[in-house]
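For reference, chains read A, B, C, D, E and F in written order, and residue numbers begin at 1 within each chain.
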Amino acid sequence: MSHDVVNSVSNNLFTINNLWMMIATALVFIMHLGFATLEVGLTQSKNTVNILFKNSVIPAIGIITYSIIGFDLMYPGSDFAGKIFGFSGFGIGTNAMGLTAKYNQGYTYWTDFLFQGMFAATAATIVSGAVAERIKLSTFLVFSAIFVAIAYPITGMWKWGGGFLDTMGFYDFAGSTLVHSVGGWAALMGVIFLGPRLGKYKKNRINAIPGHSMPLAVIGVFLLWLGWFGFNGGSVLSADPAEVSLVLVTTSLAASAGAIGAMLTSWVILKTPDITMLLNGILAGLVGITAGADLMNPVEAIMIGFISGIIVVGSVLFFDKIKLDDPVGALSVHLVVGIFGTLAVGIFGEKAGINQLWIQFKGVLAVGVFISIFSSALWFILKKSMGLRVTEEEELDGLDIGEHGMEAYPDFEKAV
Amino acid sequence: MSHDVVNSVSNNLFTINNLWMMIATALVFIMHLGFATLEVGLTQSKNTVNILFKNSVIPAIGIITYSIIGFDLMYPGSDFAGKIFGFSGFGIGTNAMGLTAKYNQGYTYWTDFLFQGMFAATAATIVSGAVAERIKLSTFLVFSAIFVAIAYPITGMWKWGGGFLDTMGFYDFAGSTLVHSVGGWAALMGVIFLGPRLGKYKKNRINAIPGHSMPLAVIGVFLLWLGWFGFNGGSVLSADPAEVSLVLVTTSLAASAGAIGAMLTSWVILKTPDITMLLNGILAGLVGITAGADLMNPVEAIMIGFISGIIVVGSVLFFDKIKLDDPVGALSVHLVVGIFGTLAVGIFGEKAGINQLWIQFKGVLAVGVFISIFSSALWFILKKSMGLRVTEEEELDGLDIGEHGMEAYPDFEKAV
Amino acid sequence: MSHDVVNSVSNNLFTINNLWMMIATALVFIMHLGFATLEVGLTQSKNTVNILFKNSVIPAIGIITYSIIGFDLMYPGSDFAGKIFGFSGFGIGTNAMGLTAKYNQGYTYWTDFLFQGMFAATAATIVSGAVAERIKLSTFLVFSAIFVAIAYPITGMWKWGGGFLDTMGFYDFAGSTLVHSVGGWAALMGVIFLGPRLGKYKKNRINAIPGHSMPLAVIGVFLLWLGWFGFNGGSVLSADPAEVSLVLVTTSLAASAGAIGAMLTSWVILKTPDITMLLNGILAGLVGITAGADLMNPVEAIMIGFISGIIVVGSVLFFDKIKLDDPVGALSVHLVVGIFGTLAVGIFGEKAGINQLWIQFKGVLAVGVFISIFSSALWFILKKSMGLRVTEEEELDGLDIGEHGMEAYPDFEKAV
Amino acid sequence: MKKIEAIIRPSKLDDLYTELRTSGFSGITVTEVRGYGTQKGHKEKYRGTEHNLDFVHKVKVELVCPDNKIEEAIRIIIEKNKTGKVGDGKIFVVPVETAIRIRTEESGESIV
Amino acid sequence: MKKIEAIIRPSKLDDLYTELRTSGFSGITVTEVRGYGTQKGHKEKYRGTEHNLDFVHKVKVELVCPDNKIEEAIRIIIEKNKTGKVGDGKIFVVPVETAIRIRTEESGESIV
Amino acid sequence: MKKIEAIIRPSKLDDLYTELRTSGFSGITVTEVRGYGTQKGHKEKYRGTEHNLDFVHKVKVELVCPDNKIEEAIRIIIEKNKTGKVGDGKIFVVPVETAIRIRTEESGESIV
């Protein structure tokens, strides 16, 4: 009987851990709604249906492709430890063992798949924001499907699947690089291939194209922050009280400090408290802490968040200067701060050290080079085959009419 | 002491299970917000206050009536096993035992009540969408109260309360029939009794009456998907890692496949990627998998979802053809796909078989007949007594002004 | 080994409890989005950016200041038991013990901090609604920071930190007084110091200034109700199945009854079913039950909620009569019903009795006097130094243009 | 050449436009307006206070046409909008001196 | 018969309308417009870039009235809108040839 | 004194306004309108049903100016709006009898 009890005790722990991982999955899921509302909020009303469509179908595409190939590429098993590529065969499925602590003491095979699948789709969503208001729907969907199915899992495997970055000692707790920069690099290539929106940079002037709904943008950011409880908290991969609660504290402190950093920077430099900068600041704090959320103490978390908040404002202004048109600031939030967050593991916290910094740098580089090449090639092929951009007329009238033949707000008068 | 330990161990499991059930309750609760935003998004701005009002008060009415009579009708106790009706007396309350694993190893009496109560209210909310933009507020509230208090628990008892459908071997995991079709049948009768909105079918032409806010509709669908984690996941009635995680995977795969099925169908048949069809597709996938979410493997879940997504688009077009005016597609999503999902248990998955299919069919029929008769009678009585429909003038000006004397968006210019 | 098992068993319980507390923290976090959307929904579109800005930065400020000083003021440790003031030194941090059940069997030190920090920020958010549409952004931010950092934790310590109210037998389960009235008193003083919005009371007439988006208001209230699952449910401070599930039931019943109470009152007195009153009624039910959520049976919970719903409608009308201009009804919901809820502990439920009622009354008074004096002084100083109110022109044109130089909905035509 | 400005009920626009087209009128311009007149708006109430008493949603239809088609246009407008209830609206006729089609730079009665 | 078109500040509409009613004018039609003029709009800034510099929210009030009441109408409009600050707006008077009440098909000065 | 009413494409407004300013025109008033004309709106489809076939977003620019500047104004409007494609819009010229600046109560051609 004593043996039974011991068993039950460890089963209980398994049940608790798995419960937390399922809840974390639900929280990461809701990030997709966060991305959707943030992105429509920061773009024009005439492209709203288009953006919502993309963001509603991306999680669907992400989850399905991940079930067919992505999960098998990303977690090919221990045979591929230290490698750069592995594949465990198409589809998902498990045996009885996969549903017990023998698979992993933190979660079942199914939970594992779903948690990872929700993550995967976020990488494509990041791209969506940067290329919004001018990309062809069909092209974007093909890009996303291939990107989520192949590119994301490959670099993911390098670290989380036990590949060469892992062996090298690279650290990326919940994916400043593996999720955010991965999306960010693909977005950067997309922005370069597409060019800016019509009228954004005319006659050497930067023209503001204001987002059409600040409440939607705010809803988006709060849902993302909420989702990050699962994104970072779930990345502990168990419900371990000490670790998860620390991670939630560092995550929230960094988000808060990011808000304050961006607010102050915007107020001082731009002379106005710009709400979109505040929102980008919160996200920057979150992305910044993501790589080392379990390594920092409160003060370090605040510092990382605060710096991220400053960086993001500068970065938004910088990309506008060099005429890379990113309607929602995705490049700044996910790519630039994603890199900073990854490097921050070598600067702050338990692992800080020049050695680690160097390893972090190499990781950033490896992922950056691979994703840039992969996504450039893909954008290029799509440009030649399907075409990347909608027609000029369609862009002026809005993609909602052009691509979908409908309006997002048919009951309301539009201002110009 | 060993006995104490064994006790503590099983108490812990009870605590975990109950925790999950409470969280599932919260998730089902948020579905009400999902229904509210989806429904206002797909209807006109001039009826927004009215719809929000209904959807805000329905959960309140649902929970209160369920506490007075519904719970007692639905779970009358084992004396009524195999019966078609039972009642355990008014009100809710329990003794100390009701708060331990002796009540149920998955949850306390209170958790049980609240989880079931949240479910109950969803059935009325389904009706709300189909009869929107023309029904009198007071009449609808009376209908909802009676429907949730009496009709829903009676058919619920047939299966989940241990009634005759249960004895017969009917299977409906989380309520494709018991929740969704139940709402759907009542909605169908409502639509028939009410007639279409003014101007919807004039001169033998179908006139589109576009919904006024696509972002609200998208928010609604994502919240519903999120809520389904609790709706289906909670229907396991414990935090069992293997079962709950499988259910979440089949649920998400079906939703994703529903999205893709509806997107493709809409793109091919209607020649445009209609976002409202995509959204209906996600919901169809969710409703379709609900009856057998614990019986399917990933491939079967994808197939059910995909077929549901195709069905829902055809069904929306069909109801328009036969001039049954359903502004949000509730009949297609909840009734038609609810029936398909229930039958799917006999076609796919662990229980598939001609025998089971026949039982499923009988269950669908029994519930359909009862709810149709009950709700027709109720609609009829209400039509004769209070009146069902607002005046023509009120409908043209909008129910917000007519019923509530206020506007949902007083600051914005309306386009006609 | 048996010892190990016992340890593991109690560790498991600790893990479960802590898990629930972390989830409750996430739920309380999402209340900030609820407050943000409710508040913008009930105010004019021209002040939307301003309100969103405040509500987005308040949680950030709240969490940061709470990590520096608030938590240390509120929970100074057992040395200060029965006192009115205590401070355990700046900053947060813990040792290994703080991460085990030795700190508290319900949560780790980090969880404790974050849960409490999320609570703290809500008090400032309550103020935000009442002073909206006319207060200077910078002044409000300074007020909030000081209020959350100092005033809230001091009165919080009186009860939850083991101070004199606790010793006296004062009961306030989740903060009808300690959170809601605290915010409410500060809001009342703010409203008095600021005066009404321009044009609200002209020529002895009350002019309605309708809120600009009812869907946003509804989203807000549902998110708040959802958050209250964590606010009240988390206040059990463990995942105890019996207690948490009771609390969730009383909370939901009170919210439901509040909805119905307010709906009926509004329908009878105002002759229209006003959705803003319905929404205030839901919140009133929630605030009303908060002080005694664990002491009530279902019937008592319904009574408290119902009365709260009636009170809140009367109170909204009353404040308008005496020309205290509160755009969102924060005074009525949080202050008036907060007081009622606190007193209700002496009237209904397990602790009911004249003695307890008297103690409750003294607690309400003590907190009311302290917060009123503190916040008046602070408002006064800020009025003299930074100025409280925006210029008349800025108020007419909207604070979005005036304070932020941007619009919330640049794509839409405004009606006047 | 004259411009007809008709203030009508929004719900009548569709039918009016269809009829005008059928009768050979080539174009109109439509504006959302708020009308204050004999017809009073609905009593609106917000949190216990009445407001917005007098204002009604209307649309203004502008139609420039040659002098010889004015009669017909007015007839059609009356026909399609008259319900006999207060609030049917008004028709105003204003002189127009020149009309130019930007695309071709043509001007005169022929272009409208 | 003439039509007065006044471009005014939105915040002045309520008072103007009340006064016009009191003085026996039976109706007006109001349109939301954007004004570009001497008065400059607020500097708006979005993510570091200025825009929308010159445009100001205004409302256009249209009032058709008999020739003999034009003076009075203009006086009331000036009275209710003059603040002396840039942006008070403009009044334009345009001739009207015919006015018809759709409901009754009456026409002429009597109907306005 | 006359009033020019130009119905143009929304995307042309910015350039037109800049040019008018540069040429010394002091102000314009702009209204969002919907145009029905030769140019047809996009086919919109909602849940399988087509609708909204004929309507196009346009803006109406109103510019009151002295008789001697009419020519120039029209020239600028044509120049800035002509693409040669259907839908470039129309210019209508309407007589104006009086113009008053509310702020100063001045009237006449000098104020526009």
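Brief remarks on what is shown
The criterion applied here is as follows: a contact is a pair of C-beta atoms (placed from the backbone, for glycine too) under 8 Å apart; a residue touches a chain by one contact, two chains touch by 3 or more.
Remember, it's a predicted structure, so these values are computed and weren't measured experimentally.
Contacts with chain B and chain C are shared by A, D.
Note on connectivity: the fewest chain-to-chain touch steps from chain B to chain D number 1. At the interface between chain E and chain F, under half of the residue numbers appear on both sides, which makes the contact a different-residue one. More C-beta pairs touch across one of D-F and B-F than the other; that pair is D-F. By residue number, over half of the contacts seen at B-D repeat in one listed pair from B-F, A-E or A-F, namely A-F.
Spacing of chain C relative to chain E, judged by their CA centroids, is 46 angstrom. Centre-to-centre, using mean CA coordinates, chain C is 52 Å away from chain F.
Chain contacts: chain E has residues 31-32, 34, 44-46, 94-95 touching two or more partner chains. For chain B, the set of residues touching two or more other chains reads 2, 5, 9, 12, 16, 19, 23, 210-211, 213, 219, 272, 274, 405-407, 409-410, 412-415. Across the whole structure, chains are in contact as follows: A-B, A-C, A-E, A-F, B-C, B-D, B-F, C-D, C-E, D-E, D-F, E-F.
Note for the complex: chain D touches chain B at residues 10-11, 13, 32, 42-46, 52, 57, 59.
For chain D in complex with chain F, the touching residues are 3, 17, 21, 26-32, 64, 94-103, 105, 111-112.
On the side of chain C, the complex with chain E involves touching residues 396-397, 401-402, 405-407, 410, 413-416. Across the interface of their complex, chain A is touched by residues 34, 44-51 of chain E.
Here chain C touches chain D in the complex through residues 206-211, 269-272, 274, 276-277, 316-317, 320, 329, 413, 415, going by the rule given at the top.
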